[in-house]
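Got a structure for you, written out below as structure tokens; questions coming shortly.
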Amino acid sequence: MSTQQVRQAEAIPRGQAPLVRVDNFSLDIIRSGDPVAVLTGINLTVHSGEVVGLVGESGSGKSTLAMSMMGLVPKRVSRLRGGSIEIDGFEVTGKSTRDLRGIRGNKVGMIFQEPMTSLDPAFRVGDQIAEVIRRHRGGTRRDARAEAIANLKLVEVADAERRADSYPHELSGGLRQRVCIAMAIACRPDLLIADEPTTALDVTTQAQILDLLRRLRQDMGMAIVLISHDLAVIAEFCDRVMVLYAGQMIEQAPVDPFFDRPRHPYSSALLQSLPENQKPLVELSVLPGAPPQLGMVAPGCRFAVRCAHVVAGRCDVAPIQMYGEDARQYRCIRADELELPGADNE
Amino acid sequence: MSDDVVLAGIDLVKDFSGRTGLIKRSTGNVRAVDHVTLELKRGRTLGLVGESGSGKSTVGRLLLRLIDVSDGAVLLNDQDVTQSKHRSLRKLRSAMQMVFQDPYSSLNPTMRVGDIIGEPISYHRGLRGTARDNEVERLLVSVGLAVEQARRFPDELSGGQRQRVAIARALGSEPDILVCDEAVSALDISIQSQILNLLLHLQSEFGLTMLFVSHDLSVVRHVSHDIAVMYLGQIVEYGPADRVADQPAHPYTAALLSAVPQAKPSSRRTSEKVILEGDPPSPSAPPKGCPFVSRCPFAFEPCHEFRPAHTPVNGGGTVACHLQTSGPTLGGASLGGAAFDSEKSATKH
Amino acid sequence: MASGTELKRKGIWRRILSRGPGLASVIYLTVLIGLAIFGPLIAPQDPNQNDLRAVLEPPSIEHWLGTDALGRDALSRLLFASQVSLLATAQAVAVGLLVGVLPGVLAGYLGGIIDTIISRIADVLLSFPSLILALGIVAILGPGLTNAMTAIGIAYGPRFLRIVRGQILFVRGETFVEAAISTGIPRWRVIWAHMLPNAWPALIIQISFMLGLTLIIESSLSFLGLGVQPPNASWGSMIGSSKAYIELAPWLAFAPGLVIFFTSLAFNTLGDVLRDEVSGGREG
């Protein structure tokens, strides 16, 4: 599977305009009247058909970034500090709900961690999918229902005709997530944003859902942005990975090189703290401390206080830029001096 | 029973009555735990792994007597404590403590950290005033918190700090046994590894016996000496952690291991995913024979009819699977990844 | 549901005082309670001293609020009546808490048959309007403020019971209660230290509203002559005794009427502000 992914990633024509272009995007959230920086200078491109993983701990800003791509961050609690987000040439930032209607569903679909939040408990799931189809494309009720059932079959819901008449609470967590996926892809979007889509699911169900997304991506050629705290899920599913820390992108790389040889100490430390990469019953090598609270960032490298490789006077003075070339970037001033262990450390 | 067994559950059964809602519509009983037998050995950790609805958390609560068993017995140091009530039960609880999954809900929001940790100390050890405060401080330090945190309220602490408070509270009565119910599942990766280290460290320092309940096999593998795998209220496989993780004998264990995503590029390249179909059956309508029969790629006739008994496995432990004794595939051998490769038609690829 | 922390910390009182209606209510009630406590000291005259030379006099320098039909100073009587009315109101609510909280805790904590029995009794009591129930009890025990207020308190019991039972039931399902039980501390301690503090916010809000309501009921009973007995006065009985002279001396009814109105308003406003702040505090 993974060799196949690499081939596909390489096959992306570099000259073609990217599907998503996030350019120097910075966003504040208003907290009790004061703006707090949640995202700072995010650059990110996603090409058609590509699967990009966004990884970070809580408070890293990964979900806010995903919501921003959908224009879902409410304006009254946020302030754009700069930059832009373009999806297929359409500027998303600063747009009203009405302007975004053409993008949501048609160009971009989204699924969430908890399927119940995007399903209405009072309506049958088939009707909810049909509603999405009718809203975007019109057509008769009968046609929309037929298409809703076709979509349920597409997401491998067994006995789709009968399931279409179920209410969300009658379905298992895995089936609900399938229904959400069916809704998200009903209008065949070019991009699917999946925010922790398997975090609330059991591991065997997670494997089913990831397998389904993989297949849909192959069949429909849509790009996927997968947000996850689970490095292993990212490793298995994505072509490229971006690591967020305290609102900044600190590393981006193709998946295999990233897990083999991370270039940022934070990435390396995260990989090292996975229990599966360590001998059982031996204390893990750990990352001390906790991520900084929102808005409480150090003047230099934001990771400096927790970093094992920090050099006073170099790392903690001025903001650190991104180093490296297009495909592989890292926000560490010492990256070239360090030999950091990856997931295969034995 | 050997002397090193500290706590044992013998043939535990727990039925929850299926009466739900306003009208008390009876939907039949749900058997959450179905004849489970397990032993916690002194100074060792038993990992209890399973998916949601497998009954693993219920087993932890039965052993702690937080809920009453429907059938079976709980033995603490060879003494039957199944029927203990009130005062004697409270005394028992000083020997066994629990750490819960969600550190945001397991600490009383109206109490200060010092009082949360101090409460069991005063009740079980009779320490008051300065003696109590000194003990609180000692515990705070031993779980890696600052002494000043005693004055804080839980919502002033981070998730990791709260879980440390919960662990300190559990240690206050100087227990022999610690039950961790998904104790790191709600935490960020870097915090998760800190807490796992703390638990390993405390175990070696105090000789704690632990039951580590989790859905996360890689975490269970890391902290456990032995692993028991639960499915639909039953233990389907049990054995030393290495054997269970490296040479699973039950098809469900093998599928579970295979479904765990791998970060290592090398393991990703070599492993082929086994993807089980469908969801586990409802505990209110379990299959007649083996609990796993509806999703098992190897199921054959006896699996539909008879519930398999636990039989010993090469390398230690037991498995409840007909393949082990009479199956066409194994004939007594362990089930590695190889068996699945030959049966790929059973999976969805 | 409200959590107890909001009341205990984060300056809930400061937040209440920062809101206009909250601040106004607190100032008003503080002044009123002060006047009630120190009323006997600052009252210009003996409230029960008759002066038949000066009956039904309009407000003047000497008698700020005029005099009543027996020539007694209305201001002095109002000050003494404040003490009577407020104490009576507090008494009723205290009796209500006394008979409501414990059964509420028991019903919520123990559940099962005990919950069913307690809740049915509460339902029966609740189905009588408080005033009618109080009238009935007074009819049996005889008129008098203490009897009346005890009666009202008993009638309130079920309301507090319901709130406490609901809160206890809600808190019972919380993990921190299970965690507290798992540490092996006694049951009363689990209830007292872990469950009740989380029931407080809802209870305090209810108390605030009940104080407002009781004041009205006390006034009604005293107005009807079933509450405080002459020569003592409460706000309600002052209006009651002035009704015969409403055309001659309307000011006699005005002053206690206004005090009843504002006090009841203040209790209710405070309850509203508390409710807003406690539930609103959860978001931020």
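For reference, chains read A, B and C in written order, and residue numbers begin at 1 within each chain.
The rule we apply is simple: a residue touches a chain if its C-beta (ideal position, glycine included) is under 8 Å from a C-beta of that chain, and two chains touch if they have at least 3 such contacts.
Because the structure is a prediction, the values reported are computed rather than measured.
Any chain touching subunit B that also touches subunit C would appear here, but none does. Put simply, the chain nearest the middle, going by average C-alpha positions, is B. The count of contacting C-beta pairs peaks for the chain pair A-B. Taking each chain's centre as the mean of its C-alpha atoms, subunit B lies 52 Å from subunit C. Inter-chain centre distance (subunit A to subunit B, centres taken as mean C-alpha positions): 31 Å.
Inter-chain spacing, taken between the CA centroids of subunit A and subunit C, is 56 Å.
Annotation for subunit A: no residues touch 2 or more other chains.
Contacts from subunit C toward subunit B in the complex involve residues 3-5, 8-9, 174-187, 189, 193-194, 197-198. Interface residues of subunit B, counted against subunit C in their complex, comprise 64, 66, 86, 89-94, 97-98, 100-102, 105-111, 119-120, 123-124, 153, 155, 166, 169-170, 172-173. Those residues of subunit A lying in contact with subunit B across their complex are 1-3, 57-58, 158, 172-175, 202-208, 210-211, 229-233, 235-237, 256, 259-260, 269-271, 273-278, 280-288, 290-291, 342-344. Those residues of subunit B whose C-beta lies close enough to touch subunit A in the complex are 51-52, 158-160, 188-194, 196-197, 200-201, 215-219, 221-225, 241-242, 255-256, 258-266, 268-269, 273, 275-279, 348.
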